[in-house]
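Got some structures for you, see below.
Okay, so chain A shows up in both of these, paired with chain B first and chain C after.
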Partner chain A sequence: MTIATADHPVSRRPIDGWRWAGRIFLTLLLIFTVMPMIWMLITSLKTGFAAMQYPPQWWPTEPTLGNYTRLLDPTNSVGQEFLRYFWNSLWVSTLTTILAIVVAVPAAYAFSRFRFPGRTVLFFAVLLRNMFPAVIFLVPLFILMRWLGLVNTHGSLVLTYLTFGLPLAIWLLKGFYDNIPIQLEQAARIDGATRLQAFLFIVMPLSTPGIIATAIYSFIGAWNEYIYAYTFLTRHDQMTLPVGIQRFFSENATDWPGLMAATFMMSVPVVVLFLVLQKYFVRALTEGAVKH
Partner chain B sequence: MSGVTEGAIFTDRPRTGADKRAGLLSRMWKQRADYLYVLPALIVMMVVIAYPIYYTIDLSLFRTPASLQLRDKIFIGLDNYTTILSSASFWKVTWQTLIWTFFSTLFAFLLGLGAALALHREFVGRGLLRALLLIPWVVSAVAASYVWKWLYHSDFGAIGAMMVQLGLADQPINFVDNINTALPSLIVVNIWKEFSFAMIMLMAGLQTVPEQLLRAAKVDGANAWQRFWHVTFPHLAGVSTVTILLLMVANFNSFIIPWIMTGGGPAGSTDIWITQIYQLAFGRQRWGVAAAYSVLLFLIMMTLGYFYVRALTQGDKERAGA
Partner chain C sequence: MAEIVLQHVMKNYGSLYAVNDVSLTVNDGEFVALVGPSGCGKTTTLNLIAGLLPMSGGDIVIGDRLVNDLDPKDRDIAMVFQNYALYPNKSVYKNLAFPLQMRKLPAEQIDRKVKEAARLLDITHLLERKPRELSGGQQQRVALGRALVRDPAVFLMDEPLSNLDAKLRVQMRSEIKRFHHNLNATIVYVTHDQLEAVTMADKMAVMNGGLLLQYDTPANVFANPVNTFVASFVGSPAMSLIPLDAVTHGTEASLRSPEGWDLPLSPLNARKIASSSTSKIILGARHSTLKLHKSEVPGSVPGKVYTVEPTGDITFAQIFINGAVVNISVEPSVLLTPDEQVFIEFDQDRMHLFDAETTMALQAA
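Showing the complex of A and B:
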């Protein structure tokens, strides 16, 4: 590594070798990360015939948006189903997100502020939930949902996602509440505000970034969930995208360009949401991990 | 985004002595209003978590009819457990699960660590690069599985064709339909999906490394490696432990990638615990055996969970002592 610096006497720092190692590593990692996504996009622009070529057309000779127009066209059966799945996913994810915030905000606030006995135990219980795989809960939840009459409804998914999203939501929000000085609330209380008023008008506005971050996590988690949706829903008109997509293409498994277009469309909402609100997203994790 | 997201390191403010001396019940009563805030969360969790755990343990002791009409279940004690432990496939699946978990965790962590260190320095395009590297973690595992299945396609797959063009192979390789290459191929997909989780956790961890300490080490003549090993790495130990444990748990519990890409095949070579349990329950309707399998898995997770909690509380203690 020192040889590299000897070649560049003008270099300000003697650690250029490491810097170059880092750059090369990042470049390779970027290729590894991005290549599958690029290939997905390229394939989605091909016709079924063009995709089935060997050697593959690295760039389609006749790029077409036909796969996308077919998926987004409600007049044909493929588009109709796709749009239904898309709508179902959107509805389930949005409802889950709203409910998760409503339930997690008071809980996180309590974990952050109050000193009631058992709160540590409770908090660990909340965190440990995520140690257990979905499959353990699958059979009993399936029976529970059958008993509640929720099988084949979106209610079963919302209820399940809500529970499984809560530990993370509470933890994230707690991190934000911990960083809001308690003196602000005390000042409000001295000025005559009730505990609830102090919470609503002082703490809530300050924790908006935390709520946004939590909402993104909940939404993405619900949007991407597969195993419960796969088990609880058998009616086609109820299916969410991850499950619907599978059903759709297993019948004519050769339609890879169509599948890639559908996969792309399925990824767009979460990736856009993530890129736009990235700073909240990353900050939330950072706040939790770096707290002193 | 799977269950690996909750990298929780939180500090617990130490309780005061007076707090400890007061009677538990009277304290609980005095603070009764506080519980109201947690109650909604608690109720939902009880219904959807505590009940299923009880139910699974109960079910594992019965022979159940395929219809899941539970009136007809027969108590058979621990027979389901002996059935599992004495079956040949159990040990094969366990071995595959261990390989899957070990290599996925190892490489996801190493790639994440490398990326976090390389991204720690300011440079043009750093934010963009970080965002791009995080995308695999954000997209669904279902999408990832389909895209990689297409990349691995035995006749028209891009990876096989590229290897032929670069002269690395004579003909396209059949990655996922071959019992020797299927599991490693799936591990690559899994690493692709989750290394950025390790990256973001460690990037957060790197911010706790005091800048002054690094500069002091530099002044004292420590080289880049020595600074990493003696200054940076010790500060990352806590975050690393938590990250590795969370990755292990997530990998042990993986389902989507093997299920969609191979369904556990070919010839069971990518079957891991979760796909096996799913197959037993929803494929072969052997609910009791699947429940017993789940209880075993549950015990393993509890063990990992114990270390997880210990890693978390140790961090707290260190901070409290500092």
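Showing the complex of A and C:
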């Protein structure tokens, strides 16, 4: 501590310059990322006519929630479709997330705790998948899905998203289990727990932040995915949101406010998820970094 | 309470034998210290007794049950870990209650036992805290408490005091000793601090490189170390070891130094030399058995003062004899200066002779 205080006056000045440069840079970056979202929100409150005006209205003269009520109203065709896409997306993403966690938790635990033949090879094989861009697997996976008879089913998407999401999930969670001292489980086993009980009562609660972070990753990955959903599904009633939203482009010219309202609604679950579980997420990222 | 029997216990990781053919018996109610340098297999041995690792060979009996294939939970043991291993997300109360809950005791009985253990260890005021809100000494007590809430047959402790500062360590040392006395518990206690072992244990098992070198009372290990490793490991300052050549003529024998002096040996020591096959000998002597003289007396050998360390009530000095450093202790009134020529007298009854090739202690035939 004493050394740090002694150093302070010397190192303060140059750091300040950098700090301001950093702040300006971050502000620009923030504007760059937030502006489109704000514009999306503003546009979604306009009427179709107001959205097309030039010069643009910075704030709609007659703001309306009509676009939202139309999307959420199951009695008209637009609302019906939107809600169906929304539901499809929710179903596919949730299923992917649950399966990813159910598989990744024991897999990551095994990679972290047990020494078995082929452990290293297997672990790298798991990661190998993530070294290639997703598009490369589009055609092979499509052929595979056709062969499995899964084209035009949500199963094809869940399966595909798992092939992307699982390696990352296993890898993330393994880091967590590596950081939980093995002595805790040993203590639990001596205290009368079976291996499974030691895992459930001691290890699981400690790895909850990691599991939640991993779940959020999986969910967002599946929720936003476009190319595979676009390729594997052709039937309207099965489409997920990222693909389904496209339909706003084609119908009687582009309905910008409707599109923006739909996009906004699409980001709601992710934002809500993040806000609710944020504290676990941050804890997860920082805890993984510090060894205890 | 129960006895523990290890028979030819082995544990290897590939070609590395972490525990190599260890056999020993811990009697009911005995306090046994497992000592040895870092990496010698102490923790591994303890984990094998606990059943946390599968054995590569051998048998372990606890009480009158062969426990080779029993889960840790079925061995009726309690363990205190090197780093305490308290459950970080549970309060102290829940840490103590966990072993009882796992054994499905009724709630009011759990409550009673937890409070009793807490009172015994003086941690009642900490019950609602989380482990990270405790000091090292408090964590240590909680770890001890978690072990003793359920009266197991055997206590296993892995360097429970190694994370504490010197003062607290001395205090906890006597508390554990009293705890052993009160409960008459069977305890296997791992430490790499030989002083802890000597002061606390009924018996000590000295290990090195996975092998059990000697298993005896601290007094016997101190008095009759089986080889040079045990000799220099037990006792502080360490026993001095001087490599010399043995010369025999008839039934008499002496140790000869290339520096040109001869140390005649007593008849018993001469018989030890006679029974050995080699003439390369290591002479061992503890500081307290050596006498320092300023001028030559019969049976003394010349040396040169290297360093002098006064500690107040006793002065330690290191003397160069035949190229080896020899520790001695003298009265503080004796004044020594570095490079001074002195003469060291050996106590023939309390000196140790080792075979320089096998490092084993020589026995009289």
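Observations
Throughout what follows, the second predicted complex is superposed on the first by the 261 of 292 C-alpha atoms of A that agree within 3 Å, B and C clash if a C-alpha of one lies under 4 Å from a C-alpha of the other, contacts with A are read in each partner's own complex, and residues count from 1 in each chain.
Basically, a residue touches a chain if its C-beta (ideal position, glycine included) is under 8 Å from a C-beta of that chain, and two chains touch if they have at least 3 such contacts.
Just so you know, these numbers come straight off a predicted model, no measurement behind them.
With both structures placed on the common chain, the touch criterion links A:Q186 to chain C but leaves chain B unconnected. Of the two partner chains, neither chain B nor chain C is touched by A:S218.
Within the superposed three-chain model, A:L206 lies in touch with chain C and out of touch with chain B [touch as defined at top]. In the superposition on chain A, A:S44 makes contact with neither chain B nor chain C. In the superposed model, A:S89 lies in contact with neither chain B nor chain C.
By the touch criterion stated above, A:Q197 is placed in contact with chain C alone, chain B being left untouched. With both complexes placed on chain A, chain A has more residues touched by B than by the other of chain B and chain C. Residue contacts after overlaying the shared chain place A:Q246 against chain B, while chain C stays out of touching range. According to the touch criterion, chain A has no shared surface contacted by chain B in one complex and chain C in the other. Partner chain B is touched in their complex by these residues of chain A: 1, 15, 17-19, 22-23, 25-26, 29-30, 32-34, 36-37, 39-40, 43, 51-56, 102-104, 106-107, 109-111, 114-120, 122-141, 143-144, 159-160, 162-164, 166-168, 170-171, 174-175, 178, 217, 220-221, 223-224, 226-227, 231, 242, 245-246, 256, 259-260, 263, 266-267, 270-271, 274-275, 278, 282, 285-286, 288-292. Chain A contributes residues 181, 183-184, 186-194, 197, 201-202, 205-206 to its touches with chain C in the complex.
Residues of chain C touching chain A in their complex: 47, 50, 52, 71-73, 77-79, 81-83, 85-89, 98-99, 102-103, 146. By the touch rule above, chain B contacts chain A in their complex via residues 1, 3, 5-12, 15, 19, 24, 27-28, 31, 34-38, 40-42, 44-45, 47-49, 51-53, 55-56, 59, 68, 70, 111, 114-115, 117-119, 121, 129-136, 138-144, 146-148, 150-151, 153, 155-156, 158, 161, 164-165, 172, 192, 195-196, 200-201, 203-205, 207-208, 223-224, 239, 249, 252-253, 255-256, 260, 274, 277-278, 281-282, 287, 290-291, 294, 297-298, 301-302, 304-305, 308-309, 312, 319.
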